[in-house]
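Structure first, commentary second.
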Amino acid sequence: MEKWDGNEGTSAFHMPEWMIQFADQKQEFNKRSTKIGRRSLSRSISQSSTDSYSSAASYTDSSDDEASPRDKQQKNSKGSSDFCVKNIKQAEFGRREIEIAEQEMPALMALRKRAQGEKPLAGAKIVGCTHITAQTAVLMETLGALGAQCRWAACNIYSTLNEVAAALAENGFPVFAWKGESEDDFWWCIDRCVNVEGWQPNMILDDGGDLTHWIYKKYPNMFKKIKGIVEESVTGVHRLYQLSKAGKLCVPAMNVNDSVTKQKFDNLYCCRESILDGLKRTTDMMFGGKQVVVCGYGEVGKGCCAALKAMGSIVYVTEIDPICALQACMDGFRLVKLNEVIRQVDIVITCTGNKNVVTREHLDRMKNSCIVCNMGHSNTEIDVASLRTPELTWERVRSQVDHVIWPDGKRIILLAEGRLLNLSCSTVPTFVLSITATTQALALIELYNAPEGRYKQDVYLLPKKMDEYVASLHLPTFDAHLTELTDEQAKYLGLNKNGPFKPNYYRY
Amino acid sequence: MEKWDGNEGTSAFHMPEWMIQFADQKQEFNKRSTKIGRRSLSRSISQSSTDSYSSAASYTDSSDDEASPRDKQQKNSKGSSDFCVKNIKQAEFGRREIEIAEQEMPALMALRKRAQGEKPLAGAKIVGCTHITAQTAVLMETLGALGAQCRWAACNIYSTLNEVAAALAENGFPVFAWKGESEDDFWWCIDRCVNVEGWQPNMILDDGGDLTHWIYKKYPNMFKKIKGIVEESVTGVHRLYQLSKAGKLCVPAMNVNDSVTKQKFDNLYCCRESILDGLKRTTDMMFGGKQVVVCGYGEVGKGCCAALKAMGSIVYVTEIDPICALQACMDGFRLVKLNEVIRQVDIVITCTGNKNVVTREHLDRMKNSCIVCNMGHSNTEIDVASLRTPELTWERVRSQVDHVIWPDGKRIILLAEGRLLNLSCSTVPTFVLSITATTQALALIELYNAPEGRYKQDVYLLPKKMDEYVASLHLPTFDAHLTELTDEQAKYLGLNKNGPFKPNYYRY
Amino acid sequence: MEKWDGNEGTSAFHMPEWMIQFADQKQEFNKRSTKIGRRSLSRSISQSSTDSYSSAASYTDSSDDEASPRDKQQKNSKGSSDFCVKNIKQAEFGRREIEIAEQEMPALMALRKRAQGEKPLAGAKIVGCTHITAQTAVLMETLGALGAQCRWAACNIYSTLNEVAAALAENGFPVFAWKGESEDDFWWCIDRCVNVEGWQPNMILDDGGDLTHWIYKKYPNMFKKIKGIVEESVTGVHRLYQLSKAGKLCVPAMNVNDSVTKQKFDNLYCCRESILDGLKRTTDMMFGGKQVVVCGYGEVGKGCCAALKAMGSIVYVTEIDPICALQACMDGFRLVKLNEVIRQVDIVITCTGNKNVVTREHLDRMKNSCIVCNMGHSNTEIDVASLRTPELTWERVRSQVDHVIWPDGKRIILLAEGRLLNLSCSTVPTFVLSITATTQALALIELYNAPEGRYKQDVYLLPKKMDEYVASLHLPTFDAHLTELTDEQAKYLGLNKNGPFKPNYYRY
Amino acid sequence: MEKWDGNEGTSAFHMPEWMIQFADQKQEFNKRSTKIGRRSLSRSISQSSTDSYSSAASYTDSSDDEASPRDKQQKNSKGSSDFCVKNIKQAEFGRREIEIAEQEMPALMALRKRAQGEKPLAGAKIVGCTHITAQTAVLMETLGALGAQCRWAACNIYSTLNEVAAALAENGFPVFAWKGESEDDFWWCIDRCVNVEGWQPNMILDDGGDLTHWIYKKYPNMFKKIKGIVEESVTGVHRLYQLSKAGKLCVPAMNVNDSVTKQKFDNLYCCRESILDGLKRTTDMMFGGKQVVVCGYGEVGKGCCAALKAMGSIVYVTEIDPICALQACMDGFRLVKLNEVIRQVDIVITCTGNKNVVTREHLDRMKNSCIVCNMGHSNTEIDVASLRTPELTWERVRSQVDHVIWPDGKRIILLAEGRLLNLSCSTVPTFVLSITATTQALALIELYNAPEGRYKQDVYLLPKKMDEYVASLHLPTFDAHLTELTDEQAKYLGLNKNGPFKPNYYRY
C-alpha cells in the first residue's frame, strides 16, 4: 500500500492552504463520528455506562478481540462473504439500532413507499464513502429499495458502528468498514468497494472527497461510466470546486452542502440548541445574567445569540461584515470589538470560520473563570497553541474541559481544546441527519435520471425544487399542513403549483 | 397632452397582468406618499392637530389657494424661476423639516463629508422622479454636494410636501411638483425636468418607472447620453426586467429594490414593528392571549410572527412553500391551512403577495369581532370586493377601520379596506428611508463612474460591496464597532480586507 | 358651596405628604379620564377627526352650548327628571357605545346571566363616584341587573362621556355628571347622589376617595347604614389605610386596587404593550438597535423591558431593590446606575414611583435626540421643572411631544411633559377595564352579603377566591379551558375543588 | 437502636397523609444528594469517567473497603478523633473541591470578610443535618469564621461526599457522615452530633426535619437552650407548621424555603435551564417545532414554558387555578385540558405538585415516541405504577430512560421513572446552592442575635431585609450596580434607605 498512502494521495493536489484545512477538518470528523456513534449505541443497555464525554480513544479500547477483520473469514446467513466487518454476529443488535433510526427518518421511509411502483435508481450502481451509522444504514437501504446496488466504505477510521455494519452485511450490502481502522485499512476498504470484478460503479456518494480522490488516482477510466458525484462535506465540496476551476472535473457533481434546508438545519437551528447543550454538559453553568461575547453573526452566530439571549444572558457580538453587523444591531445585540468586552465577559464563543479570532493577548486579559469555546469551524478560531507555554498550567477537570491556569492563579476554562463544541460535547439530532440523508438520496436520483446535457462537468447546487421536496417530506413530523395554490393564484404569481416557489437569489 | 396621458402611455407596454398590478401599486403609492407626508409635517406645531388616520383627501382640502402653480410667476431669492412649486414663500418652513431629517440620515451626511475633496458626481446631470419629502430633499442636496446637477419631479400626485419643494427651489434646485397635481400636471412636471434647452440628463433616478417611460416615449434619443437608470420600486423594477427580456433596454439599470440591506429593513425589521403599531392605532386591541393567523412566512410574515409572539399572541402560520413552512415550524409556529383555524382566530394577517388568500368563504366563517388586515402587497390579498354585497352592512368606525356586519349581527373589523396596513395606518421610520436613499445615491455613483463595459444593457443588483457600504454607513447610529480582518486572516479566508465578505448566494 | 370646596375638604385630613401626592394623582386622573373618554368616542364616525393626542382642553372646546346642565330642565322618555346630564337627547348615541363595550366585557355579561335567578344585590343601594364611560355604564347596568339601586357621580371633571351619561339617565339611572364640570359642580353632583329624600345608600363604590370624603364630612351618620366601601384607586386606598390607622374608619373597606388580577393587568401586561404604543404614536421611532435605560424593575419595568427587548432594543435597568435587581440580571438586563449609561442611551424610561429619578444633571448629559418619558407614577419621576430655565428653549413639535433645546443645539425629546406616557399617549384596552369593573362588582357583592363579623372596620384585600373568580370569568375570551381537580387530587393537596388554590403569600 | 428506628420515630407524628409525602420526598432527596455529589466530584480527573446518569448505586459500588467507619479508629493531623468519616486521608482531595466551590460562592466569602471584626455567631453552638457537599462545607466553614461551633450529620444516607467530610474533619469540624450509611448509621450519626458531654447545641440547622425530630424524641430538654431552628426543605417546613398548629413547637423556627430569592432561583430561573438540559441529556431530542404540554403554570411551569417557547417548541398549558391560567394566556400559551392535546403532543411535562396528573388513560392515548417527564414534586405526578402491567414491556435504553412499549408497538419514553427530571438528569448550578446557603447563614445569625421577644414559638419567614441582603450579596457576580436612594427620595417613598423596599405582600 505504500503508493496509496494518504499523504501521497492528498499531496498530489498541490493546494497547500486547503490541505491544511482538510487536515483540520479530518480531525474534526473523527470527533464527529465518535459522537454520532455514541448516540446510537448509547441507547442500548449494554452500553449505558458509556460516558457522555468520552474521547474517541475509549471506543477502540472496547474492541474485544485483536484479530483484524481483514484476516477473518465471515459469511452472512445467505452465504455471502462479499463484505468485511468486525463481527457479522452483531447483526441483530445493529438491526435494532437501524429500526429505531427508521422511526426518526420519516422522509426516507416515505421515499421508499413512493418508489414501490417505479424504481428511480434501477440500474444505479452506487459506491459510497460516509460515516457508517444507523442513519446511514437507513439511507443505504432506501437506495436499495429504490433499485440501486450499493458498495460502501467508511469515510472515517473511528466512526463506524460495528453492529450497524454487521447488520448491513447480513442484509446483503457489501460493506467494508470497522471501528479503529488503520490508515492502510482505510484505503484498502475503499479499494474493495470500487475494484470489483464484473461490477463498475456509475454513481459516487462521497463525504470528504477521499473516495473521489481514490478513483481519480487509481481508476480514472471509471469516470467514463460515472454519471455523477454527490458530495456532502465542506471539504469535499471545496476540492470539487478546485477540480472544476482546474478543468479536471470530468463528471457533474452535486454540492448538497449548500442547499437551503441543510444549511439552516446544520447551522441556525441545530446550533441554537447545541450551544446550550454543549455548555451545560461541560460546565453545568447557569446562563441567566452571564455576559457572553459571540464572535461572528452568520447562521451559527445567530443561533447561539438567540438561544443565549432567551436564557437571560447578556450577549455582545463581533463582526467583520457590516451587513451581518447591522442585523446583530436590529436583533438587539451590542456590536463591539473583542477588546472592548474581553475583560468583563463570562463566556467567549467563536463562530467565524476564521483563524486566531481569540488570541493569546485576549486570553491573557480574560477574567478568572471565563469559559472559551468554538462553535465555528475546524480548530483554528482560538489560538490554543499559544496557551502551550511553560508558565501556564493545564488541568484537565473533565473530559473535554481544561482549566488553563496563569501564574497569578487566574484560570480560564477551555472546552474541547478549541475544537467544535457542538460536535465534541453535544449530539446531532437524528432529525438533522434525516434532512442530510434525504438530500443525498434526492441528489443521486436527480443526477442519475437527468437527461443528457442537463448537467455538465461542473459543480451544481441541488435544484430548488428538490430542496423544497426535502423540506416537504419533513413537514409531517410536525403535523404541518401546507397550503396549495389555486390555479388562479398560480397564474397570478406566475408560478407552477408544485414549485419552485422562489427565485434562486431568495434569501429565506 | 392627449397623446401623453397615463393610460396611453402605460398601455403601450401591452403586458396586461402586471399592468393591473401596476395600477394597484399606484394606488398604494398614493397612500404611501400621504403617510410619509404626514409624518414629516406633523412635527410642526401648525399641523399638530392633524389626525393620524386622516385620509389622503384631507391633504388636498388644506390647500389654501386655488390658483394652479403652473399659472403663477415665482422667483427664488436669487432670482431664478426655473422651478414650479406651490408657494416659494414656504421655503423657510420646509428648510426646518429638511434640517430635522438630516439629523436622522447620518449616512448621507457622511457621504457629503467624504466627498469634500473629490466630487464623484461632478458632471452628472440627474433627472429624478420620486416622492418629494424632507428625506428626498436630503438625498437631492447630497447629490448636489457630490457634484451633480439635478432636476426633479414627483412620482405621485399627492405625496409632495409643498414646503419642502419650496425649500429645494429656494436652494436652486429646479423642482416641479406640488401636492394635488392633476394627471396632466403630473406629466407636465416630468416633461419640464427633461425637456430643457441646453441641458440633457445623463442619469435617471426613478421610483415607479414613469420618468423612464416618459423618456422612452418622447425622447428616446436622450438615452444615447444616459449612463444608467436607478430604480427603486417593485413595479419599476418589474418594468425594467420586462424591457430587458424584450431586448428594449438600451442603458444599464440598477435594481436597488433587491439589495440585502433594503430588503431586510423594508420587510423584516420594519414590519416587525409596524404590525404592532398598525393594529394598535386602529383598534387599541390587546395582543396578549389573542389567536392570530399569519398567511405567508416570507420576510414580512417572519417579522409579524416574531412581534406578535413576543407580545403574547398565539400565532398560526399558513404557507405554500415547504422551505418557509419548515422554518415556521422550527420557529415555533403551528403550520395550518387557513380553513383549520379560521373559526377560532381573533386576527387574520396576510403577507403573501398573492391574491384572494382570504376569500368570502373565509370571511363568512370568521368569528365575531375578528380583525382582518393586509401586510403583504397591493390590495389583492383579501377579497374585499366580495364583501360589497347587499346583505352586508359596512360601518366606518374610524378612519381606516370598517365594521362589516352580517345579517346575524356578526361583525368583522376590516382595516384599511384591505390595503397595506403598514403604509396606511403606521409610519415608515426615517432610518428605513435613510437606507433606501443611501442605496440610491451609491447606485448613482457606481453607474456614473463605472468603467466602460462593466455594465451592459441589463438590470443589475447593487454590487455586494456597495450593499455592505450602505450598511457600514448606518452602523454609527448604533455606536456599533466593526472588527477589521488582519492581513493574516484575510489571506486565510481568501478575502479582501474591505470586502465583499460573502459570496453572492449568501442568504444572511 | 364655599364650605364644601375641595381645599377645605381635603385639608381637613391634615396629612401634608400624601395630600401632595393626591394632588399629583388628581392631575393624572384628569388625563386618564380624557384618554378613556377619547377611546370610546373615537369609534364613532362623527368623532373620527379627533386627534389621538389632544389634550383635555380640546374636549371642553367641543361643548356646543353654554348653558350649565344644572340650569336645564330635562326629562327622560319615562318622565323622570332625577338626573343631571349634558343633553338627554344624546342617549341613543351613548347606548350604541355601551352596546359595543358590552361585547368586550364578557365577565360582567356573564354575571348578569348567572344572576337571572337570584339577585345578590337585591336591596343594595349603591352610591358611586367613578369615571363615567361606556365601560362604567356596563358595570352600573350589571349592578342594576343584580338587584341594586344606583346613584352616580363623576370622579373627574373632564372624563364624563356626555352621551353615555345621557343613555344611563334615559335608562332610569340617576346620573349627575357632565364633561367640563366646575369644581363647584363636582361637589354638587356628589351631593345630589347622596342627599336624597327617602333614599339612603348602604354601599359606596369610590374611585379616588372624594365621595367617601364627602360623606365623612357632611353626612357621617349615613355610615350607620353603610355596609362597606369599595375603593379602586391608589390614592383612595392610601386614604382608607390612613383612616384605618387613625382609628377613624367606621365601616369595612375593600381595597380592589391590590388584587392579583388587577395588578398584573394594569401593570405588567398592559405596560408591555403600551410602552411600544406610546413611543410609536409620539415619535415614530424604530426600536431595533436602540439603547434604552429603564429605571425600576417592578411590574411596570418588567413589562417595558420585555417588550423592548423583544423588539430588538438593548435594555439597561436601574434598581434600588436588590431582589428586583437580581431578577433583572436573570432576565438578561445589565444592571447599572443611571450615570453609567446616560451619555449613550437613546431612550430613558422611568417606572419607579419615585421622584427626581431623572435630574437636570442627567438631562444635561444626555445625547442629542434622546427621548425621555415616564411610565411610572404621577409626574414626579422626571424633574421637568428643572428644564424650565431661560437658557433652554422648548419647542412643541406635536401634541404631547416637546423638544427641549440646549444652547449648543442639543435637543432632548420629552414626552407628555413627564406625565404618564401610557395614559397620555396610548390607550387602555377594554379588556383591562373589564377586569377592574368585574373586580368592583364582586367586591360589592361580597361586602353586601358577608355575614356579620366577617369584615370589621378595616381595609381588606379582595378574598383570593373572588380574585380567582374574576380571572375565571375572563378565560372564555381566550377559549381557555381550565382543568378541574378530582376529589382524590383535592384531598391530596388539601384544597377545596373550587379554590382558593394558593396561600395568601403566593407570588404568582 | 430498636426504639429509635425511622418508622417509629416518624409515625409518632400521627399525620398519615403527609407522612406518605414525606416518604416520597425522602426518595427524592436520595436522588438529589446523588446528583449534587456527582457534580462536585466529576470535576476531578480521577472521577472523570463517572457517568452523568449513573444511579445512586454506583456510588456505593466504588467504596474501596468494607469496614464500617463506625468501627475505625481515625485521627486528624491535630490529634482529634471527634468525627466519623469514611477515610480521613482523603482530606486533601476534599479540600480542593471546597476551594473550587468557594470561588463560586462569593456571598458566603463576603460574609466571612465582613465578619472579621465582629463575630455575629460568637457563642453559637450549631448542630446541623444537611447534605454534605463542597457547598455545605463552604457554609460550615463560614459559620465557623463567624464564631460558631458546629457539629454535623448528613440528612441523606447517599449524598455525603466522603472526601469533603474528611476535609472538614481534618479542619476540626466534628462531622459524622459517609456515603452509604445504613438507616441505623443515619440515626447514630445524628445522635453523635447532639449527645455530647459538655456541649449542648443552641441552634439547629435542618434539612428535612430528621434532626429536629430526633431531638424532640430523645432530648426534649435540649430545647430549653435552643434559640431557634432553621429549616430549608418543603417537608421539614411542613412538619414545623404541623407542630406549630398542634401547639408543640417550643422554639422559633425560620422557614427559609419560602424566601423570595430562594423560590425564584430554585424554581423559575433554575428550571428554565434544567428542563432543556434534562431533556437533551436523556433524549438528544430537537426542541424546534415540537408540540409540548406543560401541566401547571406555577414558577416551575413558567420556567419550562418560557425556555421551550424560546427554543421553538409549541407549548400548551394546563392549569386548575384561573389566575395562573390567565397568566398563561397573556404569556402566549393555549390553555387546554390534557385530554384535548394528549394525542398530538411530542412531550408531556408535569409541574403541578399534584398526583396522578398523567394517568394510565392519558398514557394509553399518547402517540408513538411521546416523551413523558416530571419537573414538579416528588414522584406522584405521573401514575407510573399504572404502567407496571403485564401487557406493557419496559425497555431501559439509557440510565434514567425507559421505553414503555404497548402491545401494538407504540412506545412512550419515560424519563427518570417519573421522578424529578431536573434532579435526576441535570445538575443544580452552584450559584443556586450559594443562594440557599447564604440564606441559611443569615437566618442563623438573625435567630441567634434577635432580641428577646422578636420571635415567638412559631414558624417565620426570613425578614424581607435579610432576603434583600442575600440578593445584594449575589449582585457582584453579575457586575450589577445598585442605585441608592437619596435622602429626599427615601423620605418621599417613606422608606429606609437600606430597605426593606417592599411591603410583605409584594409579589415580585
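A few points about this structure:
Letters are used for the chains, namely A, B, C and D, taken in the order the chains are written, and counting of residues starts over at 1 for each.
What we mean here is this: contacts are C-beta pairs under 8 Å (C-beta built on N, C-alpha and C of every residue); 3 or more make two chains touch, one makes a residue touch a chain.
Chain labels with UniProt names: A, B, C, D = Adenosylhomocysteinase.
It should be emphasised that the depicted structure is a prediction, and the values quoted were computed from it without experimental measurement.
Among the remaining chains, those touching chain A (Adenosylhomocysteinase) and also chain D (Adenosylhomocysteinase) are B, C. Note on connectivity: the fewest steps through touching chains from chain A (Adenosylhomocysteinase) to chain C (Adenosylhomocysteinase) is 1.
The interface with the greater count of contacting C-beta pairs, when C-D is set against B-C, is C-D. Annotation: 43 Å between the Cα-based centres of chain C (Adenosylhomocysteinase) and chain D (Adenosylhomocysteinase). Distance between chain B (Adenosylhomocysteinase) and chain D (Adenosylhomocysteinase), defined via averaged C-alpha coordinates, is recorded as 59 Å. Averaging C-alpha coordinates per chain places the centre of chain B (Adenosylhomocysteinase) 41 Å away from that of chain C (Adenosylhomocysteinase). The set of chain C (Adenosylhomocysteinase) residues that touch two or more partner chains comprises 269, 288-289, 291, 311-312, 329-330, 334, 478, 480. Partner chain D (Adenosylhomocysteinase) is touched in their complex by these residues of chain C (Adenosylhomocysteinase): 17, 258, 260-261, 263-265, 269, 318-330, 334-338, 340, 353-357, 380, 461, 467-469, 471-472, 474-475, 478, 480-486, 488-489, 492-494, 499, 501-502, 504-505, 507-508.
The touching residues of chain D (Adenosylhomocysteinase), counted against chain A (Adenosylhomocysteinase) in their complex, run 39, 42-45, 48-54, 103, 269-270, 272-273, 276-277, 280-281, 284-291, 306-307, 310-312, 344, 368-369, 396-399, 426-427, 429-432, 477-480. Here chain A (Adenosylhomocysteinase) touches chain C (Adenosylhomocysteinase) in the complex through residues 288-289, 291, 309, 311-314, 329-334, going by the rule given at the top.
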